[in-house]
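I've put the structures underneath this note.
Heads up, the next two complexes both have chain A, just with different partners, chain B and then chain C.
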Partner chain A sequence: MSYSDKVLDHYSNPRNVGSMDKSSADVGTGLVGAPECGDVMKLQIKVNRDTNVIEDAKFKTFGCGSAIASSSLATEWVKGKTVDEALSIKNMDIVKELSLPPVKIHCSVLAEDAIRAAIGDWKKKQQTAQPVTAEAK
Partner chain B sequence: MSTEVKVPQVRKNDARQNDVRGNDVPRSDVQHTAPKGVKLPIYMDNHATTPMDPRVLEEMLPFFMEKFGNAASRNHSFGWAGEEGVETARERVAKLVGATTKEIIFTSGATESDNLAIKGVAEMYREKGNHIITAVTEHKAVLDTCKRLEKYGYRVTYLPVQKDGLVNLDDLKRAMDDKTILVTIMAANNEIGVLQPVAEVGKLCRERGIIFHTDATQAVGKVPVDVNTQNIDVMSISAHKMYGPKGVGALYVRRKSPRVQISAIIDGGGHERGMRSGTLNVPGIVGLGKACAIASEEMAQESCKLAGLRNRLRDRIMGRLDEVYLNGSGEHRLPGNLNISFAYVEGESLLMGINDIAVSSGSACTSATLEPSYVLKALGTGDDLAHSSIRFGLGRFNTEAEVDYVADRVIETVERLRELSPLYEMAKEGINLKDVKWAGE
Partner chain C sequence: MANSFQTATSTPAQDVTQSCWSCGAMRTAYFCKACGKVQPATPVDYFTFFGLPRKLNVDLAALEKDFYLLSRKLHPDVVAQGSRMEQEWSLQQSSLLNDAYRTLKDPVRRTEYLLRIEGVELEEQSKAASDKARNTGEAKKQIVPPDLLEEVFELNMQLEELRMQKKMGEDDPALLEEIGKEKLKLEEKHEAHLRDLKAYWGNWDTLIEREQHGDAVSPEERRQARDKMVDLLNRRNYVRNLVRDVNEALEQ
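This part shows the complex of A and B:
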């Protein structure tokens, strides 16, 4: 199987590799996949609570080159978007951008899941954090 | 607070970054500089196939143009020349495995040999019984043949293997009954290189009057195989796994004590004692013969050299990386085989990182079925480690310099991918990955 140049580029020079403090209130963490399935993605976002803009994103991925590329691309795409805009990223956009073959579509699905999981985690934190701020007022 | 992990960036091939017009040229791979004496890419996948030995090619060449005769043409010198080539080859194959010439049948390769052996015995001995015993780690050529026979009313027992990949002889004994007509257990496994106790399996079969077939594709020419001391009745042989040409193989069929008979699966002109019709592939057969002759001469020395190279590769990798696991028995193993799992790193991504080295992986992503290796699963290796496995197959033409280069590249790539791996990070934080509830499960 040959890889597209974009997959090779993300694999060789992955963007935004790293970790953020997952206990921080403005950080959302998504951990999707399973080791038994051969793919695990961790995607983290740091959101500005006033603007809802994703100011930073980091990832780490266990998986094939296409999985690494899909999550690397996902971090690039979510950065600078609002949370709602980021939710509109679809797996097929990733498939198109990276020219993934049919057998690798599940990698893009996982990347979309990771974005949703990270945003979901962040939103949950905002709900639980709200009453505390209300009381403080 | 965010921490940026420094992932070592791969050097690109600058020469191909820009073409004459200054445009970006699609880059299909990244290039590494080879140390002196090493030519890239390196071939280390000798269980898949071996390069042909130049001595084999030399032996074959006259049989394409000058000696093109049909070995079955009995009435002219063209036919005689072909027949002479075939019969010399038959002697050489027989000699390597301790057989007589009349016991060697030429085929198109080990897959055909396995089919002929299993289907041929099953049909011939149908009156006697309908039970066949094999093992779960056999090659698909054996497993799928057995599965087809199940559709025709045969009963098949698929023996499990132990953690080291070997079949348990007590399991085998227990599986045998008065309807068992055939036991088929491979000599050496194609993925993990594990050597089965062929002589002992053969002895148990002999005692009970059961025919014993072994798929010895990976073993013949690499380790000593003797049909008499190892009690083998039927055996599959392939040329291209021992520096011979593709598309040719042989089947050993015992003629004496006991005499084994098999039904043909290809009907036609009655070649090869009626067991395998079809005009003989004379150049291929000549090549197989020469490959066997070379193995007879050089196997002892070569297996020492290969075991040395394999151990060097293993020790270098395991000396530098933690959580690297050997799959299958370390002791009962082909000298050129190293199959190891690199925890927290997925096999296909590792192959991508060492793309100037030809090896293979048990990862699902590299298979057509999207399932990780059934052989590794049978050993009880978790799916996670099966996804992380790499098979190194060392062969006649590998050198120490290549081994050192491969070890360095593997170490560097595993370290890079572990920095990218959330599993490695979690393990380092002390999280037991087995306790995590995974979203994807």
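This part shows the complex of A and C:
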């Protein structure tokens, strides 16, 4: 199977590979897997608490080229968006952008799941974190 | 309906209400009862092919015996003097026989096969869960438990490091030792999964037996028994892939 140019570009030159401090209060971490193929993807976001804007995003994916490209693209897309805007990214947007063939759709699903999971983790942290800071004041 | 199972329990040759192409008598799945001629393959699932109910505990010795008996009888040499059609059918039946046997004798393949003919699609499951998460705004229910994902991720990081070190011609005994330990743990897990799977077979088989006795089994009961096995196989896939990746990285 041949990958599209965009996939190859992200694959050979992935953006935003790396990791952030998982325990930091403004970092959300999503770790998701696709049992069909055994691939795993970790995506992290750093959110500005006042504006809810995602200021930074990192990923690390152990999986196929399409999964790497999808997660690389996902980090590019979420950066600069608010948390709610980022939630509107759909896997089919990724499929279109990267021209993924049908057998690779689950790889893009993984990226959408990862965004959602990272945001979910961040939101959970905000709920638990706020009362504490309020008390500290 | 209620007693239809009685014909399907033990004898390998299932009664099929079709007549033999050669003599017109009622035929069994592979041969005509009356004249013994080989018949065209009927599109049946592998359990039916061997005259077995859709149960997961299978008497492997009996299966093997059936297999050898049928392979001899269905061997294309038997009809070497027959018509082209008979030779063709014999070939079809033999290859169906081989596929059926290979699938049913292996515990994991047997389970995967049963789940497939029961309508479970792994890919579909994961997609459905994503759709649900999107629509409800809740986090997707991960099919694989988070701690296993964590483990998979960590080990992959270590493997990456190992590959890099090997490329640079370095080696790090501490890392190798850690990966080796992790590998042992995984292999144990792999075996434990198989034991658990076998335990779930019992649940499923009980449902089938109840049905055979004319008891109604609700779709919900069926689904529950199925999903437990699907879950386990999903986890097992990860572990299997990991063991493979570890071995590859160590051998490089």
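Basically, the second predicted complex is superposed on the first by the 133 of 137 C-alpha atoms of A that agree within 3 Å, B and C clash if a C-alpha of one lies under 4 Å from a C-alpha of the other, contacts with A are read in each partner's own complex, and residues count from 1 in each chain.
Following the convention adopted for this analysis, a residue touches a chain if its C-beta (ideal position, glycine included) is under 8 Å from a C-beta of that chain, and two chains touch if they have at least 3 such contacts.
In this text, all values refer to a predicted model and were calculated from it rather than measured experimentally.
Once the two complexes are overlaid through chain A, chain B and chain C clash, as defined at the top of the document.
In the superposition on chain A, A:Leu87 makes contact with chain C only, not with chain B.
Applying the stated contact rule after C-alpha superposition, one finds that A:Arg116 touches chain C and leaves chain B untouched. In the superposition on chain A, contact of A:Asn13 is made with chain B only, not with chain C. Touched residues of chain A, counted separately for chain B and chain C, are more numerous for B.
Once the two complexes are laid over each other on the shared chain, residue contacts for A:Asp56 go to chain B alone; chain C is not touched. Applying the stated contact rule after C-alpha superposition, one finds that A:Lys125 touches neither chain B nor chain C. Of the two partner chains, chain B is the only one touched by A:Lys46; chain C is not.
Judged by the touch definition given at the top, the superposed model places A:Tyr3 against chain B, while chain C stays out of reach.
Residue contacts after overlaying the shared chain place A:Cys64 against chain B, while chain C stays out of touching range. In the superposed model, A:Asp21 lies in contact with chain B only, and not with chain C. On chain A, the patch touched by chain B and the patch touched by chain C overlap at residues 31-38, 40, 42, 60, 62, 113, 117.
Within the complex formed with chain C, the residues of chain A that make contact are 31-38, 40, 42, 60, 62, 87, 90-91, 106, 109, 112-113, 116-117, 120. The part of chain A that touches chain B in the complex is made up of residues 2-3, 5, 8-9, 11-14, 17-21, 24, 31-42, 46, 56, 58, 60-65, 67-68, 103, 110, 113, 117. Put simply, chain C touches chain A in their complex at residues 122-123, 126-127, 130, 133-134, 137-140, 142-144, 146, 149-150, 152-153, 156-157, 160, 234-235, 237-238, 240-242. Against chain A, the residues of chain B that register as touching in their complex are 1-5, 7, 9-10, 12, 26-30, 344-346, 348-349, 352-353, 363-365, 370, 372, 382-384, 387, 419-425, 433, 438-441.
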